[in-house]
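A, B, C and D label the chains in the order they appear, each numbered from 1.
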Amino acid sequence: MSVRTPDPEPTGDEPFGQSAGSSNPGWLSEVELAEARRRMPMLYVEGVPVRVDGMGQVTEIGILLRATPMGEMTRTIVSGRVRYGETVRDALFRHLENDLGPMAFPLLPPQPSPFTVAEYFPIPGVSAFHDDRQHAVSLAFVVPVSGTCEPRQDALEVTWMTPEEAATDALADEMEGGRGTLIRLALASVGALR
Amino acid sequence: MSVRTPDPEPTGDEPFGQSAGSSNPGWLSEVELAEARRRMPMLYVEGVPVRVDGMGQVTEIGILLRATPMGEMTRTIVSGRVRYGETVRDALFRHLENDLGPMAFPLLPPQPSPFTVAEYFPIPGVSAFHDDRQHAVSLAFVVPVSGTCEPRQDALEVTWMTPEEAATDALADEMEGGRGTLIRLALASVGALR
Amino acid sequence: MSVRTPDPEPTGDEPFGQSAGSSNPGWLSEVELAEARRRMPMLYVEGVPVRVDGMGQVTEIGILLRATPMGEMTRTIVSGRVRYGETVRDALFRHLENDLGPMAFPLLPPQPSPFTVAEYFPIPGVSAFHDDRQHAVSLAFVVPVSGTCEPRQDALEVTWMTPEEAATDALADEMEGGRGTLIRLALASVGALR
Amino acid sequence: MSVRTPDPEPTGDEPFGQSAGSSNPGWLSEVELAEARRRMPMLYVEGVPVRVDGMGQVTEIGILLRATPMGEMTRTIVSGRVRYGETVRDALFRHLENDLGPMAFPLLPPQPSPFTVAEYFPIPGVSAFHDDRQHAVSLAFVVPVSGTCEPRQDALEVTWMTPEEAATDALADEMEGGRGTLIRLALASVGALR
């Protein structure tokens, strides 16, 4: 199975919202992006969507169901690349909106520090995380969402689970690249792991 | 000047919402509370109310204006004791509601870890924080509020300041017990200190 | 089974190093301490001793084997009360030295923030943590130790486990008051939980 | 003045320790590195060296004095790029050793989370941090060092300052790219900012 960090950017990789084909030096063609992935660590953000109660306590975790290009179903979280010139915060918001739809109303944490830094290596076993396509370093955040999630792009649905369900080995086995571990670290950071 | 950690519990110290005068062993009379303060560290929570923009970035800090029993005006933040049987989260919510009113709609952070632990000692100089009445250990949180603040109890008003204003020495000089330092640590934790 | 937060202070509860029986108002007799436990949250510190490699990565977790007053064997971590007038840092150091001996050479973290705040309630189920004797709020820290541990007091031995062993349900079942959860949160905070 | 994130890699940019000129696809020539800097966020690590006392409390901050290529003197901290295939931890250790020498004995924190994420943009004003050469995202850590620092490469000396000295505007003015702010955030994270 091909394990990959999702990077849904169908219309190219335009920083600052410019269109593909422009002469902007920040533009990366598909070929150049593939080349860069083999030579440099790629900066990612990941978001674990959660529901909280009136006291801020996490009650549910949102797990995405996604179909891979080969038609396999996998479970994952919100994840994507930070572009040239984009803040980490803007990248996180963009990927949340891409994956959860415009009505999710994510409440990004005020803190710039992630709950963990997940390091994905192309060779399995270097760390808990693996991406056969690239060396990616991901800043991971827990993000309460207060609205309605309507997955867009290639995410098929969001499944809301209790912290107990989200921490199971059964779920971890369905998740790509070691993200079952990331879910547990997210749960631990909000005191919801037993 | 008498520097004190605000602890506004005019009708006594009833855990679990029971009324003063009950035979609940958790009840502490004024005399007993005064006695305990001289013998044990008291557990406190403190909340720094903030306004955030749509991306979660802190734009303003809410500082309380309070009149001391001697009629002096001081600047402070939300602060109060954790009662027997009460969770830290419930205590934080209770004091936020007491000080900011029922329409403030605080969004408590999902994480149980405070941005800092402020240790108030009766003898100045032991730490950055000082309370001549007691040894208090305070778990301090940044709390976005999305509603309208109408101070209750002895807090006269909430002043919203930019991060720059909140970090000035002028404000720190108006704050009791070293809370100017606490404001700066709060700003640093959200990346809003320069 | 009687689940308790260890609080080994055989010669009384003398703040500032004074001897039992002095007229120091900070002194708590056994009776007074028992009384306070039923009326106020008690402030605790807990330390999870770890071994790290040359790169700072956690390789082993130190778990204490302790005999309860009834002769039962339980697994636990370093834990104890913060005294009146004592800093959190001093309390943590004191309990580490008490439980691990004077040659453990603990390297206390420079940060004042704990990796989690563990709330122990006398009634099970309020939180993940339980202490039938009291309401205790514990600031929990991961502490690398570089020396030799020779348990003192009622701790019989320190067992060094890999992160994998320390995260098992089997170990959690042997630990009192929900501290199996605390170990997992500690592992998560150092990225050593899978 | 040309403000730059130091990236001292005089013998090329060899991941996995290979020599310049090899056919390793991970190798970036000077030209390719310059090209990449204009198209992608570069991942950096930064370390604030500190001295701690026996209780883990920070007593001094190590600030590097460095000569720029134009012969200007600036103050800075340990900083450098994460290479392809390298862990964040290894990169931090490598740059600490490069800048502080082999006898500094840095004690890397067991936690993978930085105290802050500093985002350097080529255009000033986007964030608190600025690097006219590139968009760099830096994971910043406080690192106690227990040995002797003998700066190598282009760092001329390490100056040890008290937390008070390190927080002054005078020092901030001497630091490049907004790193005076980074020092204050570092101090705040260890409770050493007033």
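In this section, a contact is a pair of C-beta atoms (placed from the backbone, for glycine too) under 8 Å apart; a residue touches a chain by one contact, two chains touch by 3 or more.
Note that the coordinates shown come from a computational prediction; the quantities given were computed from them, not determined experimentally.
Asker: Going by the contact rule set out at the top, which chains touch both chain B and chain D?
Answerer: For chain B paired with chain D, the chains in contact with each are A, C, in label order.
Asker: Which other chains touch chain C while also touching chain D?
Answerer: Touching chain C and chain D alike, sorted by label: A, B.
Asker: Is the contact between copies chain A and chain B built from the same residues on both sides or from different ones, judged by whether over half of the numbers are shared?
Answerer: same
Asker: What is the distance, in whole Å, between the centres of chain A and chain B, each centre taken as the mean of its C-alpha atoms?
Answerer: Inter-chain centre distance comes to 36 Å.
Asker: Can you check how far apart chain A and chain D are, centre to centre, with Cα atoms defining each centre and the answer in Å?
Answerer: Roughly 27 Å, centre to centre.
Asker: Using the touch rule from the top of the page, what residues of chain A touch 2 or more other chains?
Answerer: As it turns out, chain A has residues touching two or more other chains at 112, 115-117, 189, 191.
Asker: Quick one: which bits of chain B touch chain A in the complex? Just the residue numbers, please.
Answerer: Contact set of chain B toward chain A: 50, 52, 55-58, 89-90, 93, 107-112, 115, 142, 144, 189-191.
Asker: Could you pull out which chain A residues touch chain D in their complex?
Answerer: Interface residues on the chain A side: 25-28, 32, 36, 38-43, 82-88, 112-117, 119, 121, 126-127, 135, 137, 139.
Asker: For the complex, give me every residue of chain C touching chain A.
Answerer: Answer in residue numbers: 116-117, 128, 181, 184-185, 188-189, 191, 193-194.
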